[in-house]
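Next come the structures, one after another.
In what comes next, chain A is part of two complexes: it sits with chain B in the first one and with chain C in the second one.
Let's look at the complex of A and B:
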């Protein structure tokens, strides 16, 4: 990824951007996010198959945004996140430049977000075979079995909210769970509290989640919460056709149409 | 500390027959914060209301719960009583013990217990109620009417005659719409122009009406009582003040072979033209697409011949901004053309024509001066076939609906033909004859019985040309689907009535909804037929569905009354039950993150962007803001917002939550 380092350097030297978001070597053979503000630090940027963290979470953070125009090293899921964020007015061409990395690990720089969108749309969001199998298995369970499955899976959750922090779409300054007047979602991590938190999370991500698995990767207990969002993704497909984040298109779950079918009330 | 009064009504025996009202009142008296509790036979009666008023005065009540009938019935009564006693009316809540309890349950303890619960949740809610004030919005008493067909003309005249100002915009060079093209009109066969032109002239001369022809809506902002519209006045290339309408230019223009829109392509017009002799205004426009000067850079003959030097080649479109309080949309409809029908020759056969073309042939002002002559060779057709439901009621063609006007105008056409060509033979292929309307059935019977029109029930599968004749292949379903072949000289297709071109874009500009066929949608199919879902915008005529003239006119007058009602007030008052996006101190300004997903979720387009800027004018944050004039308090946005930044006044999160907990007996 020499060309990435070179380009980052140029961008910083010419002040075209104020910060380049990318990956660097972390401890224990792991990678971590890097925020390069000085051209000479660009040499620390790396990119390889270990770089799976969704960096799009940072572009909505005040601390990063306030530095000025950002450039971001963006793999396909990151680019998808960025398009969704742009459609929600969280980023725009004035504050973000995308240094894309294609699935073939090639660097592509995009003039604007609409070019990113065109690029992203070449690829469908596909749930991998292993997870698909799991979804099918859950779907085939009886209601009682499914209830037990989820209660068992979710009960260890201790609400560290690492999944929320890792998710680029969870950029709200005040999450529903932090809303305490009144406290709709119970704070304690008991059975009901956990269930409500995860159902709410899945609902809020429906039609927005781009299936990057950042939440699952972040969970210290490896709770398969991504199965919930994947299920919603499948439901979205059934009800709206295949989903692609898009800057201009209607938001799937929040666009009022007089001819909406309302057949969900059964 | 709250001081709440609970007033339990017996509603005669409506409630007390199954609910122990005294017990409900007694239980309520023990709730935290309840300072007064009583039951009474008729709370809505004068003594009942006095009970409430005196309790407010004597006990210094801070909130009132009236447990009685439906709030739809008496909420205004009790709120008014509270207001008269000096309590903010929105500190009064009603528990519906009648519809929600006594009427639907048997007498018994459980019923009384439920009544108690209903009171309890409202006692808890009212503790969180806040004083609210009615919203007042001023009304701009000028109406904008879009579309100058008969519907727009009627609406404009009616509104103008109530003394209010009207701005009428029409996209074509003249008002009149489709009615001006018609020959005679069912069911009375009076001449269309003769009844229409006096009204057109009235529009032009009415002191309260400003008419902009050759003009279209550019954009619309605002809300009921307070719209701001931008109108694009397309350049006519003419100084209208100087032009006397002498028409010399139109006779001298060398570009003469442009198919006339008014004559549905059956005649020609020049590049500088008045669409028809009775046009209002009777002044020409230059059609820049066809004018030799605009296309080739040379000509300007009209400029030379004009005795008043009124031609302006360099005139530009003009944008006029107006403030209006209400709109009437009357943009009408259109019809499918013959090229829509592969089975009837794709529009290749000149003698297969549409109903509107037939109107032009039958019209004394038309290209044949009212003689029915076929377009190909000008011969008078000896055999003529009319096809009803061409495209209509045909799901395979994407038009499952009935176009409604065709049955009637076909009977009219066949009748006119028989009156004009005595030796001629006419045939009508129909699916059903739909002649619902005053004198309509009688009219069709006249065509069949007095004028000898042959009605054949069945459809036509194919039309093709052979030796100068049109061979019409159909079947008579009343004779066991017997195949029929008619060698016709001319065929008239009663093509489906469809939404006008550009209806969708216009609906989007206006933020009104439309149906799957792009006709504008009324707010309620029965009870609000002229209203749209956007307050202050009304519909008239065929833009809402295919309609005939009497219906279009009635609808227009209906819409005009709605506008007049609105304009009868200086201010609109609205219940303050609307959504509000919270505001906080800087640097947050609001918990809203500006995702604006609520904007598209709102069915009433009530949510806008507010930009918070610092002293230097730099943007700090964009957040959502609800326009109180537009919000209907439906609550969609509240349910939607992930940051819980929106509350409906009077139904806040806090109030709803409290009600739920009260119901679960968590207090």
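Let's look at the complex of A and C:
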């Protein structure tokens, strides 16, 4: 990714951007986020198949935003997140430049976010075969089996909120779980509180989640919490048509159609 | 042992179903007394967390009811609510919460008889399903001791 390093250097030298967000070599053969503010540091930037963290998480963070205009190394899921964030007025052309990396690992620079949108719309959001199989397996269970499955899966969760921290869409300054009057979600690790927290997370991400799996990758216990959001994504497709993040679109859950179809209301 | 009496919580909107339930009373229609009615300004205000909390506090069944589509006092509250219910119900189903215990309905201020019918059928079906022990067992589980040793 020499061209990425070169371009980052140029951008910083000409002060076109103040910070370039990318990946660097971390410890134990892992990569981590890097914030380049000086042109000479741009050589630390890397990109390879290990770079799966969703960097869009950082563009809504105060401490990064306050540096000035940002440039971000963006893979396809990151670009999707950015478009969704743009539709929620969290980023715009004045504070973000996208250095896109295509699925073929080519660097493309976008002039503005609507170009990113056009690019992103070439690809459909597809749930991978392994997870699809898992979704079908759970759907085929009886209600009692599903209950047991999720209570068992979620019971080790100790609410470290790594899933929330890793998610680019969870940018609220105060999350519902941070409130204690009323205390919606019990704080200790308890099956019911855990279930409520994950239901809440999935509902808040309905129609916004772009299926990047950052939450699952961040989970220290590898709980398949991404299945909940994947299921919501499938339901959005079934009930409200295909889902693609778009800058101009209203958030799916804060809009409606008078002829939305359901079959359970008497 | 005495026969199981289901505990039903009804989340209703102020403008239609609450007035409808009022009409049921003034029309002197008899219906099951298992229902505790909670009045909300609009179905759009009925947060899904409230439904989960109702089960948490020991409800065996839930009724959610409001104005018919196009009749919302605030024009679109029930349309928004409907979208939310579609997604929430599906997620409940996916996580193994018993969706047979959550009844959604539209009851207008003129439908006193329909309200009585909704309550009666819900009570009958919950009576058949029995208490929601699955949820109660989990809700009453003590918090795990965590050792830091």
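Rule of thumb we're sticking to: the second predicted complex is superposed on the first by the 255 of 266 C-alpha atoms of A that agree within 3 Å, B and C clash if a C-alpha of one lies under 4 Å from a C-alpha of the other, contacts with A are read in each partner's own complex, and residues count from 1 in each chain.
As a working rule, contacts are C-beta pairs under 8 Å (C-beta built on N, C-alpha and C of every residue); 3 or more make two chains touch, one makes a residue touch a chain.
Computed from a predicted model, the values in this text were never measured in an experiment.
Enquirer: Have a look at where A:204 lands relative to chain B and chain C in the superposition and call it first, second, both or neither.
Expert: Touch partner of A:204: chain B, not chain C.
Enquirer: Should A:89 be classified as contacting the first partner (chain B), the second (chain C), both, or neither?
Expert: A:89 contacts chain B only, not chain C.
Enquirer: Regarding the shared-chain residue A:172, is it in contact with chain B (first), chain C (second), both, or neither?
Expert: first
Enquirer: Touch test for A:196: chain B only (first), chain C only (second), both, or neither?
Expert: So A:196 only meets chain C here.
Enquirer: Quick one: chain B or chain C, who's touching more of chain A?
Expert: Of chain B and chain C, the partner in contact with more residues of chain A is C.
Enquirer: In the overlay, answer first, second, both or neither for which of chain B and chain C A:134 touches.
Expert: Once the two structures are laid over each other on A, A:134 reaches no partner at all.
Enquirer: Does chain B (first) or chain C (second) touch A:143, or do both, or does neither?
Expert: second
Enquirer: For A:184, using the defined touch cut-off, is the partner it touches chain B, chain C, both, or neither? Pick first, second, both or neither.
Expert: Touch status of A:184: both partners.
Enquirer: Just to be sure I read the superposition right, which of the two partners does A:250 touch: chain B = first, chain C = second, or both, or neither?
Expert: Only chain B is touched by A:250; chain C is not.
Enquirer: For A:39, select first, second, both or neither according to whether it touches chain B, chain C, the two together, or no partner.
Expert: In the superposition, A:39 touches no partner, neither chain B nor chain C.
Enquirer: Can you give me the overlap between the chain B contact set and the chain C contact set on chain A?
Expert: 176, 184, 254-256, 258
Enquirer: State the interface residues of chain A toward chain B in the complex, per the touch definition above.
Expert: Residue list for chain A touching chain B: 88-90, 171-176, 179, 181-182, 184, 204, 250-251, 254-256, 258-259.
Enquirer: Quick one: in the complex, what on chain A touches chain C?
Expert: Listed in rising order, the residues of chain A that touch chain C are 138-139, 141, 143-151, 158, 176, 184, 188-192, 195-196, 198-200, 202-203, 206, 228, 231-232, 235-236, 239-240, 252-258, 260, 262, 264-266.
Enquirer: Can you name the residues of chain B that touch chain A in the complex?
Expert: Checking each residue of chain B against chain A gives 513, 515-516, 521, 533, 588, 591, 593-598, 600-603, 622, 636, 640, 642-645, 653-654, 657-658.
Enquirer: Please give the residue numbers of chain C that touch chain A in the complex, ascending.
Expert: 48-49, 52-53, 56, 69-70, 76, 79-80, 82-99, 103-106, 118, 134, 138-139, 141, 143-144, 146
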